[in-house]
Structure formats: C-alpha cells, structure tokens
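Shared between the two complexes below is subunit A, which has subunit B as its partner in the first and subunit C in the second.
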Partner chain A sequence: MDIGSLGGNLLGIIPLGDIILYLTPLHLFMLIVILLFTFLIAVSRTETQVEASFEGLKDNKSTVGIAEFKARRFLAIVCGIATAGAMITGDLFNFILFVALTGIVNIGIVSAVKQIDVLNAAFQYGLIAMMASLPLFGGGAIILAATGTLSFFELANIASNPMILFGSILLLIGVAGETGIAPFFATKAEMFRTPGSPFILIIHLSSLFMIIRAIEILLLILT
Partner chain B sequence: MLVPEFVPEIFCSLYLPAIYTGFIVGFIGLIGIAINKSDIHVLILTDIVGLAMLIVVGAVGTDLAEALILPGLVVELAEIMAISEILISREIRKKGKTPSILPMPLVFDMEIMTTAPNFLSLILIGYGIFLTGFTGGAVAGGGILLYILSRKARGLPILVINGLGAISGIAWCLWIVGFLLFFVNPEFWLLSLFLAASGLLLKVASKVGLIGVLMREEFKRK
Partner chain C sequence: MDLGEFWNKLANPDRIPRVFSLILGLFLLIGLFVPFSLNNEQLYPRPAPQEQMFAGDSIAPYDRGGEILETPGITVAQYPQYSKKIGMINSYMSPIAYNIKKNSPYFGTSIYSSPGGLIDEILYYTRGFDTILESTILMMAFVIASWLALNFTMRNKNKKDD
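Let's turn to the complex of A and B:
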C-alpha cells in the first residue's frame, strides 16, 4: 500500500543518513501524545496507595522509596522516548529495536517492587518477552530475506508473497509477545498491582501505541 | 533472485536448512519450558529460544542481517540479566530480607558514579540511538547501566501535578462523547475518531483500575 494513504498525506521525511523518519498526520498525532505523556511522567511524583483494611479503621500505606522512584522514572522516560521513536521510524529495523527496548524497559520498571507476586508476574512477563524475541527478530529477518530491504518506502512497493506473509505473521506474534497483548496479557495485568501509578501506566500506553503502529506497518508491507 | 551473481550457489541453498534448524531449536527450547517447572531452569531454557533467534537472523547472512543480529544479542543478554535480577530479588524477598535496587554483591566506589551520571547517560543513550546497531545498543546500554549503577544520581526537577486524575476523567468523557457523535452524526467521523482516540489515550492515565486491585490485595491478605 502507498505509504501516504494509510496515515494521511505524507507530511515529509527526516533523513538522518541511513535512518529515515517520516511523518504523516497519524504519526504526528501519536508522536505528540506520547511525548506529552512522557513529559507529564517526567515531572510527576509517584502515587502513594492507601489500602483500606477490612474489619477495622486502619489504613495501610504502601509508598515507593526515593531510589526506586528515580530508577523507575528514568526507565519510564526511556520507554516513552523509545515509543515516540517507533511512531515515526521509517524502517522495520528500527521498529524492531524500539519494540525490543520497550519490552526490556517494561520489565525494568517493575523490577524493584516490594510485592512478591508482582515480581513473579514480572518474571513470567520477562520470559514471554524473551521468547517473543525469536518471532520478532526472526520475522524481520525473513522479511529481509524475502525482499532484500527493511525500508518501508521500498517494502510498500514490493508485492506480497507467501514468504513475506509468513515473516509478517511472525512479526505480529513477536510484537504481541513483547508488548504483552491478547494471548500473553495475563502476567502483564498482574504487573499493575503495585504503587507507582504514572510510571506503571507508560507500560500500558507504550504497548497500545506499538500495536497501532505494528498494524499499520503490517498493512504497509502486505498490501 | 535477490542474491548477487558472485555469491556461490551453495550459500544460497544453505538458507532453508538454517531457518529450519533455527525453528527446530526454538521448538525444542519451548518444549523444555513447557515440561520444566523450576524457575531457574525455565530461565536457562528461555535462553535457548533466544539462541534460535540468532540462528534465524544469522541465516540471512547479509550486512543488514548482521546489523540485526547484534542488537538481538544485546537485547537477549539484557533481558536475561534483568530477569535473573528479578529472580534474585524475589528470592531475597521471600526470605523476608529487603534487597537493594540492584541486588549486586559488588561495591562500586568510583567518583564518576556520583558526579556526572545523568549527563553521561543521556549523552550515551542519545548517541546510541543515533548509531543504532551493535555499537549503538552497547553505547545506549552502557548509558542505562551507568545510570542504574550510580544509584545516587540526581533526577529531573519534580513538579506536583494534582490534576492528573481530573485530566483522565475529562478524557474519559471525551471518549464517550466521541462514541456518541460517531453514531449520531457520522459526517463528523474524523472529529469523533480523534475525540475517542485521544480520550482513550488519556484515560489510560486514570487510576480507577487500581480500586479493584486494592480489593484483591486485601482479600489475599486475610
């Protein structure tokens, strides 16, 4: 499919040597939203959860320590920037790397929490993310082998064949595993059960944006 | 045929066996994970799946594939390190002790760890993203590692944003208005699409979902 017809008119390309970024209204919108959210995260404090206890008047406060807060905020900002990069990237190579980076950073954000079951969920999610790197990178490599290029400007003009289709399906499985959507969502939902709201939410938002972009990329490659 | 003429025929014919090898290795690894229930064994077996990824990517054998294989390796290493750290800290917490952010037995007592980690890691990550590939991955990874290792690093200035909850509530309304407009007045589909989309995005920032989490936590504690 033509590169302009999916996300609206092509607003322009930003060539940085080999790396070519391109902008359409859809990408621009998603880029601005994710950067805005990243900025909000960068300037916000983490929440303190107050848990009401049953059969009594006591409250349990679960707070986040300052060291944990700083590491988590840093990783959340990296996650936001990686997502923003994936929104405007012009080749599959960078997209794969940004998805993989988001996967690692998502594990990192919850890696220092106190709750054992959240750590358990993070461990399981990390295993899935590691296994998903096989279809993610493998799908990219198969598309590369079938077409000889990873640039969207070239891929959009190449007609689909069964090998490209196979690579694309692998790529979709890989993105689904790294970002933790439908078949792999169970552990990711468990990861939210910890204080530290704005930083935890970037996990959710980044996977949402990644999936939107991945669908667009698959349409670009296949049709 | 995409392959240039001067490449011998035998190299081209090796691609298919290599791909099959990769997928078979990955499949064996996954079977092992499905059978084994011990966490540390699962972690080690997961690395086999990662190695299968390297085989599949390496089978292509061009410059671009090499550029893809090196960050793949870096990602694989970073993930296995992160997951093993999680495993360690989980086991420490199960014993009732509190691990540090970085449960590491070494003591890093260097001046650079306290003076300039923010600046250095930002430069490293920016330059790493610019470089891409293995060198970029290594440089950016080094930046992140430097920041994490220097635990005394100062962060960015913090402003209090109390209105975040209100923003999420208003955004939720935008989402609903967008949906309504979509059915009532389909000519404005673009407007309603953007209303719904931006509303849904900001609604992610809402903390409503945490109420259910609190209930579950409380029931578990009893």
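Let's turn to the complex of A and C:
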C-alpha cells in the first residue's frame, strides 16, 4: 500500500542517512499528541493513595518519595520521546528499536515502586518483554532477508509472499508482547496498582500508540 | 470450561509468560512449513564466503576496498543522495592495525573486531541513528539496574546493620 493512502499526503522527510523519518498528517498528529502528553506528565506531580485501615481510625497513605519520583519521571520522559520517535520513523529496524526501548523503560517506571505485588507483575512483564525481543527482531530479520531492504518507502512497493507474511505476524507477536496488549494485558493491569498515576499513564499511552503504528506498518508491508 | 473461566485464569500475571511463550512456540513451529528464500539483492551486501581468503587478502574476510578519502570502497546505501561521502573512510586502519596487516596475513578478523580497527560505515554513517538508539537501550537498562541496586539492595543491607 502506498504511504500516502494510509497517512495522508507526505508533508516532508528528515533524512538521517538510510534512516528516513517522514511526516504525514496522521503521523504529525500522533507525534504532537504524544509530545504534548509527555510534557504534561513531565510537569505534573504524583497523587497520594489513601487506604482505609480496619480496627482503627488511621488511614494509610502511600506516597512517592522524591528519589523514586525523579527516577520515574526521567524514565517516563524517555518513554514518551521513544514513542514519539516511533510515530514518525520510516525504517523497520528503527521502529523495532523504538519498541524495544519503550518496553525496557516501561519496566523501569514500575521497578522503582515499593509494592511487592506490583514488582511481581513487573517481573512477569519483564519476562514477556525479554521473550518478545526474539519475535520482534526475528520478524524484522526475516522481512529484511525476504525483501533486501528496511525502508518503508521501498517495502510499500514490494509484493507480499508467505515469507514476508510469516515475518510480519512474528513482528506483530513481538510488538504485542512488548507492549502488553490482550491477551497478555494482565501483567500490565497489575502494574498500574501503585501511586504515581502520570508515570503509569505513559506506559498505557505508549502501548496504544505503538500498536496503532505497528498495524499501519504491517499494512504498508503486506498490501 | 467456558470462556469466562478461561479469561479469569488468564488474568493471573504468573500465567502470562507461559501463555505467551506457548503461542510463540506454536507459531515458530508453523515457520518450519513456510518456504524461506534469501533475496540476493540485499541492501547491505557481503562478498562471497571465503572469496577474500583464497585471494590471499590479509584483512579477509572483511576487506571493503577503497582508499581513505580518495576512492570509495564497497558500502551500499539505500539512499545514496543522503550519504554523499559513503565508502570514503571504510578502509581506515589505526597505525597498530596497519602494521599487523602488513606483517601477517592471518589477523583479519582480529583487526576488525578490535577497537579502532574498524570504521563500519553502516554502523556509524548510513544507519548511525540505529546505533544511537541501541546504546540508548543499553544505557536505560543500566540506569534501571543501578537505581535498583543503589536504592533497594544496598539500602536494605544498611537497614539490617542498624
């Protein structure tokens, strides 16, 4: 499928050697939205969760300490920028690297919390993210072997064959594992049960954007 | 077992990696029946295996030819218009590497795998952005690991001492 028919007219490219970032109205919109959210998250403060306790009048307040706050804010900003980069990239391997970066930063955002259940879920998610790097990079390698190129502008003109289809589905499994979409969402849902909502939010948002972009890329490659 | 029960079982984080690896394994088995063939018009070509060895090249099997800043060697770019100086420095060798190359025909792999022995233009020029991203992934992994080590492992140890 032509690049223009999915995202709208090509507005411009940013060439970095062989890796070309390109902008169409859809990608520009997604880029601006994710950068806006990253900015909002960077300037916001965390909330305090209040847990009512039995056998007494005291409430438990679970707050985020300053060191934890700083580490999580830094990783959340990196996550936002990585997602923004994946929105406009025009190179398959570049996209795969952005997804891998988002995956590892997502684990980092929750690795700083104190709740044991949340850490447990983050550990399970980390296992999936590690396993998902095999289909993620393997799918990219199979597509490269079958077509001889990684640029979307070239891939869009190459007709599909069973090998490209296999590589694409492998890539989709990799993205699904790395971003934690259904049916692998349980680990991510458990990870959200901790104070620090703005940073938790970017995990969710980056997954959504990555999946939209991954589907667009698969359509580019396959049709 | 009805579907709701299945979804409930899937909601346990401990089971998710197993389900994921099962799906992945089953799908990889399908790969055995998919016809695989290498497209020979690759973007990043390599000479035929052993060709440079048999020719007696002292930096085989990675010789890319060319002369520094004079004639370009073999590096192919997808978009040559965006990397105009391509191939110009991929025959650069540090003085030590150059002397080893002059004196012995057996150290091609060692020269190119040692720091400073290799200027890979695919890594640093045509696909330089990927290299930046790869090191960013590594750096983030180190940031997370060192933060955890400093704030959990070491501090917990201090607490026990008190």
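Throughout what follows, the second predicted complex is superposed on the first by the 218 of 223 C-alpha atoms of A that agree within 3 Å, B and C clash if a C-alpha of one lies under 4 Å from a C-alpha of the other, contacts with A are read in each partner's own complex, and residues count from 1 in each chain.
We take it that a contact is a pair of C-beta atoms (placed from the backbone, for glycine too) under 8 Å apart; a residue touches a chain by one contact, two chains touch by 3 or more.
Since the model is a prediction, treat every value here as computed from it, not as a measurement.
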Which holds for A:177: it touches subunit B only (first), subunit C only (second), both, or neither?
second
Touching A:15 in the superposition: subunit B (first), subunit C (second), both, neither?
second
Contacts of A:160 with subunit B and subunit C, given as first, second, both or neither:
neither
Quick one: classify A:63 as touching subunit B (first), subunit C (second), both or neither.
neither
With the two complexes superposed on chain A, say which partner A:33 touches: subunit B (first), subunit C (second), both, or neither.
first
Quick check on the superposed pair: does A:150 touch subunit B, subunit C, both, or neither? Answer first, second, both or neither.
both
Where does A:169 make contact in the superposed view: on subunit B (first), on subunit C (second), on both, or on neither?
second
Go through the superposed model and pick first if A:186 touches only subunit B, second if only subunit C, both, or neither.
second
So in the superposed three-chain picture, is A:107 touching just subunit B, just subunit C, both, or none of them (first/second/both/neither)?
both
Identify the overlap between the subunit B-contacting and the subunit C-contacting residues of subunit A.
16, 18-19, 67-68, 71, 74, 78, 93-94, 97, 100-101, 104, 107-108, 111-112, 120, 127, 131, 134, 142, 144-145, 147-150
Subunit A touches which residues of subunit B in the complex?
2, 15, 19, 22, 26, 30, 33, 39, 42-43, 46-47, 49-50, 52-53, 56-57, 59-60, 62, 64-65, 67-69, 71-72, 75-76, 78-80, 82-83, 85-87, 89-90, 93-94, 98, 101, 125, 129-130, 132, 137, 144, 147-148, 151, 153, 155-161, 164, 194, 197-198, 201, 204-205, 207, 209-210, 213-214, 216-218, 222
The subunit C residues in contact with subunit A across the complex are 10-17, 19-21, 23-24, 27, 30-31, 34-43, 77-79, 82-83, 125-130, 133-134, 136-137, 140-141, 143-144, 147-148, 151
Taking the complex as given, what residues does subunit A use to touch subunit C?
15-20, 67-68, 71, 74-75, 78, 91, 93-94, 97-98, 100-101, 104-105, 107-108, 111-112, 120-121, 124-125, 127-128, 131-132, 134-135, 142, 144-151, 154, 162-163, 166, 169-170, 173, 177, 183-184, 186-187, 189-190
Note: in the complex, subunit A contacts subunit B through residues 16, 18-19, 29, 33, 37, 40, 42-45, 47, 49, 51-54, 67-68, 70-71, 73-74, 78, 85, 93-94, 96-97, 100-101, 103-104, 107-108, 111-112, 114, 116, 119-120, 122-123, 126-127, 129-131, 133-134, 136-138, 140-142, 144-145, 147-150, 192-193, 197-198, 201, 204-205, 208
